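By letter and in written order, the chains are A, B, C and D; residue numbering begins at 1 in each of them.
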Amino acid sequence: MLGNTFGRVFRVTTAGEAFGPALVGIVEGVPAGIPLTEAEIQRDLDRRKPGQSAISTPRQESDRVRILSGTLDGVTTGAPIALVIDNEWATLKHIAAYADEKDIIKPGHATYTYFAKFGVHRDWVADGRANGRETAMRVAAGAIAKKLLAPIGVEIVAYTKELGGVRCPEMSYERIKEHADEPPVRCPDPEAAERMLERALDAKAKGDSLGGIVEVIARGVPAGLGEPVFDKLDANLARAMMSIGSVKGVEIGAGFAVAGMKGSENNDPPYIREGQIAFRTNNAGGILGGISTGEDIIVRLAVKPTPTIALEQETVDMVRRRSSTFRCKTATDPTIVPRMIPIAEAMMAITLIDHAMLARSQEHRKES
Amino acid sequence: MLGNTFGRVFRVTTAGEAFGPALVGIVEGVPAGIPLTEAEIQRDLDRRKPGQSAISTPRQESDRVRILSGTLDGVTTGAPIALVIDNEWATLKHIAAYADEKDIIKPGHATYTYFAKFGVHRDWVADGRANGRETAMRVAAGAIAKKLLAPIGVEIVAYTKELGGVRCPEMSYERIKEHADEPPVRCPDPEAAERMLERALDAKAKGDSLGGIVEVIARGVPAGLGEPVFDKLDANLARAMMSIGSVKGVEIGAGFAVAGMKGSENNDPPYIREGQIAFRTNNAGGILGGISTGEDIIVRLAVKPTPTIALEQETVDMVRRRSSTFRCKTATDPTIVPRMIPIAEAMMAITLIDHAMLARSQEHRKES
Amino acid sequence: MLGNTFGRVFRVTTAGEAFGPALVGIVEGVPAGIPLTEAEIQRDLDRRKPGQSAISTPRQESDRVRILSGTLDGVTTGAPIALVIDNEWATLKHIAAYADEKDIIKPGHATYTYFAKFGVHRDWVADGRANGRETAMRVAAGAIAKKLLAPIGVEIVAYTKELGGVRCPEMSYERIKEHADEPPVRCPDPEAAERMLERALDAKAKGDSLGGIVEVIARGVPAGLGEPVFDKLDANLARAMMSIGSVKGVEIGAGFAVAGMKGSENNDPPYIREGQIAFRTNNAGGILGGISTGEDIIVRLAVKPTPTIALEQETVDMVRRRSSTFRCKTATDPTIVPRMIPIAEAMMAITLIDHAMLARSQEHRKES
Amino acid sequence: MLGNTFGRVFRVTTAGEAFGPALVGIVEGVPAGIPLTEAEIQRDLDRRKPGQSAISTPRQESDRVRILSGTLDGVTTGAPIALVIDNEWATLKHIAAYADEKDIIKPGHATYTYFAKFGVHRDWVADGRANGRETAMRVAAGAIAKKLLAPIGVEIVAYTKELGGVRCPEMSYERIKEHADEPPVRCPDPEAAERMLERALDAKAKGDSLGGIVEVIARGVPAGLGEPVFDKLDANLARAMMSIGSVKGVEIGAGFAVAGMKGSENNDPPYIREGQIAFRTNNAGGILGGISTGEDIIVRLAVKPTPTIALEQETVDMVRRRSSTFRCKTATDPTIVPRMIPIAEAMMAITLIDHAMLARSQEHRKES
């Protein structure tokens, strides 16, 4: 498995499975001299951690992060920052629950693909590294990225745009920002949130699960970030977001709606706003030619319904190659959309700071 | 500009602008001993090249590719393969057409973002490297990738799924494959193709342009390709596709439709087909947990309407920071969706062979 | 600090300072299905750990490694392997010993260069990440690399070739292998070892330190490893070895002696040995054109005398920019050459397995 | 072959063989706005090109470089710079000279290792990519790197330190700089140069060849460049230099001499020079802990005698696996040491600018 690093100059490398001893991360490229404590990282981790509501998995984890290197007296030293989060739930009792079913493909999960890639020695406990638990380390790294973005003036907000067919109405950035984080569904519109919750509880009652859409907005991103032609900002955001488990689609700005638009509708007219160049609309989602325009960067993620459901499903025993059925007995979320919010923010932050640092590397110093 | 390489072990590095002397590419990782001629690469280039129909740009280019290294007597040697395609249209006469408008932001183009990133010394001739012309080298590299995929049994087909609001109906892979490449719109359904062409010609007549959706299918991809957690196959496909100019969204399998689905609907039930593991449906689009399932890999791209339109548009002079207008005088396509087909195929091929080679690197040789 | 990863497909990423909480490593690219326990890794760590002889630092560390991910029931799963080694000596008492002298440049150390790069917030406790302690994680990763090399038939031996001016006489590979690891100096010739020890004890008595040369031999490396033109096998070995603290020179085969040789002397004549191609001499050190020949790979490292000595030295207070003196009060080794042995082996192993895997990625599968 | 890129943010990718149509290079990371013409690059190429003296190969090449992208009106645009140098000598007549001997291992060359790696389809014409000709593109890229280093105040000088056993005496940097480039041997001491030339002509007369040592000095490098622990400045310089064909050893500062030194001798005492931190000696060669000190960076390369000699040598036919002999009939240099000078400078320049840009990427912008 070779894809455990993200970023070129702000680099995040992670390891760790659902029921191994711990999750581990190494974050490189953080300059020296930045105040950084475990408590700050913890704040974002607490937003992701399980067991926070009726529509979240009952798995119990304190998700306590420890910094093992890279800081001295609460300030970064420029050395790589190693982070560790123990898997408290990784006890023999919990692991045992997965042993019976290890040869059965869990529909919608990575059971079979890990088997195809790694064979009988894959980590079969709750899908090992394919389990969403690895995202805790993304969130921890993202908290560091956000700290580096703050002095540049970048702020990032994500929220539940759609859940179980209920869509959050259009609203101002300010209102989104103010209400985005409200539990349990993290939709800033109270009425939509109410209906989303109902549908999630209903799905839960029926042993089923719901998909949805997450929107992530980055405001204050300076124009000029992005490295064409393969590391365009939107290309790397697409990779960042699609690398999150359960994401099946990524769109920027108007996204798939552009398919039905005319050029005269889709082109965002530039104009002068307070002496600066701005755009009357933002169908581009803040990115043109793979480089940021200075407008809000807007990304939406399609999140599939949690594959682990309580209903009995047709499947196969992949070792014995025979038909079987599967009904989930272990912990799960009826929807993971609300828990995606801090993860999507983290991937946005990591991608943006990496690009900001790449841009900085190429700044031209003229002979004085 | 730092993002000119794609891939880790099958590596493509490109350079070249719309009106510079030439496009250049270097392809690494190709094994020795593979027959490879310019004619084979040319076939795919000819499918992308401009000036082929009433709905394509009138720019004239023979897009003749030359191999400058990496082969001997028509067979690869293992050395990096350098490719060059001259820009025949890059004459003073054609360049002059862009000089007057170089300070004017062309709406929907990368004019302003390149200015923000590179300043007054950016290449302003037809947007330089931001112009779609760079994709010719992707197509050339993709032709080499396809050659390496053939012995593995992988074949790739792309087609116009939607154009100007007309959608191609669902049809079998075999029918898609047979009719996918039919000019000028490259939609395998004759009736839909007819209506798409009408709309494109209508848009052209009105000086406007149309967006659409491209679908790319890869059949025969072995289960087990993909490098979690950041280089998942879908993550890298998303990056690959979103890195193509004008693409604003990427989805895999059911894509954004998963937002409205229940787990019980979205999970693809595994079953035994002729002794092998298969899936009754393919909402996953051939990828679970970031690793290929063995089913068809299905990716869709949202392509925005060509930003260069003949209508007058509000804009600004970005150097003088004052209002202006823009009306395109130079060559353009009323829609670029049909020309996207070989490009999307190329990016699929490059991503797949890179992952196949990464998987090979980790094969375990047991002590004999 | 951006250079914490080594390797392209067998990838080692490390973090951790001399007196931080722990050293951390993540090893990617290890196939699934390989038995791997902490005990196996511990064996090599025990060869590097401090406090083992009169000529080694008195620092006390058990250097106990723990595997936090990537294995299940003692077998690798294909997931990245996270390793952690706690810094037991990192107590307030020991840290305090460095506080007084933190603004004083320790001659021969990285004190000033870290200050120049990271400023006042660098980790000043025993030079933080610049301390040789980080090499423990290299040794741990190297133990995993050696496991992967064993089935290919590669074995690696390093030994003290020279110490304090005493040179180990030429001897057969078999004899080197048998006696290489004998403490405390790890020189396979007993007489030379005796004289080296005398000189080291003498230097210690005088508060001074000694340099030396380490030779690393890899036997059984298949012909064909190496990726010209920048990732030639010798180029990456040079990087690997020079990246070890205190190494000031690297040579392959005849090394610097080639400067005084003629082509007719230096060229190794090929001949047929038992039906196979072999070479009568090995001035090339097993590498030609950056690719392994199949002969022993022979690398020598020049190791500088430990900079931390007990003699008073002229220096400066770098914060106040004034003259000062420095005399070491903390733990040190009169020579680090013997402790280099497992580190040099580790870097050889990591480099070789990475190249073996890179070669595997490019193997050509012909259409059947 | 996977190692055709050097650098992380100043990135050089090359392709091309000795007798293929052309050499090709792509240079990424060059900021926009820098005047750059073919003539400037040509200056360094002319210093490397063959056929310039009695001790250089008779191969005739004008080594004319063309810029195919990345500049507009003689100024860089920020886009990748593609370079091409045609192989004028690559005619059927010259290629034919190699056909007879293609199965014979040329002693000291990469003939066998390329055969072992790539098989019968390797490029056998003058060793293809293993031929020193690829270094022309390094020199071209190095010329661009030097342009970027100039405003930082870095200058680079290389010269022949030793040839055929004759060593250049120690002399001041200023004198070295003034006389370093004098043909044909490029040794700044006229008397040593005279004796070197004699030995080279003597070797040539005898059909033999000579090795030597090149010293490269970089002055004006700011303190603080280098990325521990694997991308230390000295580690990457070692890789850069060892990647040049025929180099068998690399040392920094005192280099291998440290093996015989005591800590009290080797440690360079820091002191205050005109208010700045400086060092009384420079055994460190300008690098401590893998990071530049601000003193001159001094690197020496051991260059083996040209393997192609006119004497008859024992060898084997590697295809038929039987004994044979080889006597060179084609063009060669009795020593390549003088031609190494611009190549070594180029690799120093490329490595330094990459590290300067990496350092820049991590500069900390404090909240204002």
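Quick notes on this one:
The working rule: a contact is a pair of C-beta atoms (placed from the backbone, for glycine too) under 8 Å apart; a residue touches a chain by one contact, two chains touch by 3 or more.
Computed from a prediction, not measured in an experiment: that's the story for all the values here.
Taking the CA centroid of chain B as reference, the farthest chain centroid is that of C. Across the two interfaces under comparison, C-D and B-D, the one joined by more C-beta contacts turns out to be C-D. Here the CA centre of chain C is 26 Å from the CA centre of chain D. A separation of 38 Å divides the Cα centre of chain B from that of chain D. Chain B has residues 1-2, 4-5, 8-9, 14, 29, 32-33, 78, 114, 117, 129, 358, 361-362 in contact with two or more other chains.
Put simply, chain A touches chain C in their complex at residues 1-2, 4-5, 9, 11, 13-17, 20-24, 26, 28-29, 32-33, 66-70, 72, 75-82, 84, 114, 117-125, 128-129.
By the touch criterion stated above, chain A contacts chain D in their complex at residues 8-9, 29-34, 78, 150-152, 357-358, 360-368. By the touch rule above, chain D contacts chain C in their complex via residues 1-6, 8, 14, 105, 107-110, 112-114, 116-117, 127, 129-130, 134, 162, 164-165, 203, 208-213, 222-232, 234-243, 245, 248-272, 275, 277, 280, 283-285, 287-294, 302-309, 311, 313-316, 318, 321-323, 358-359, 361-362.
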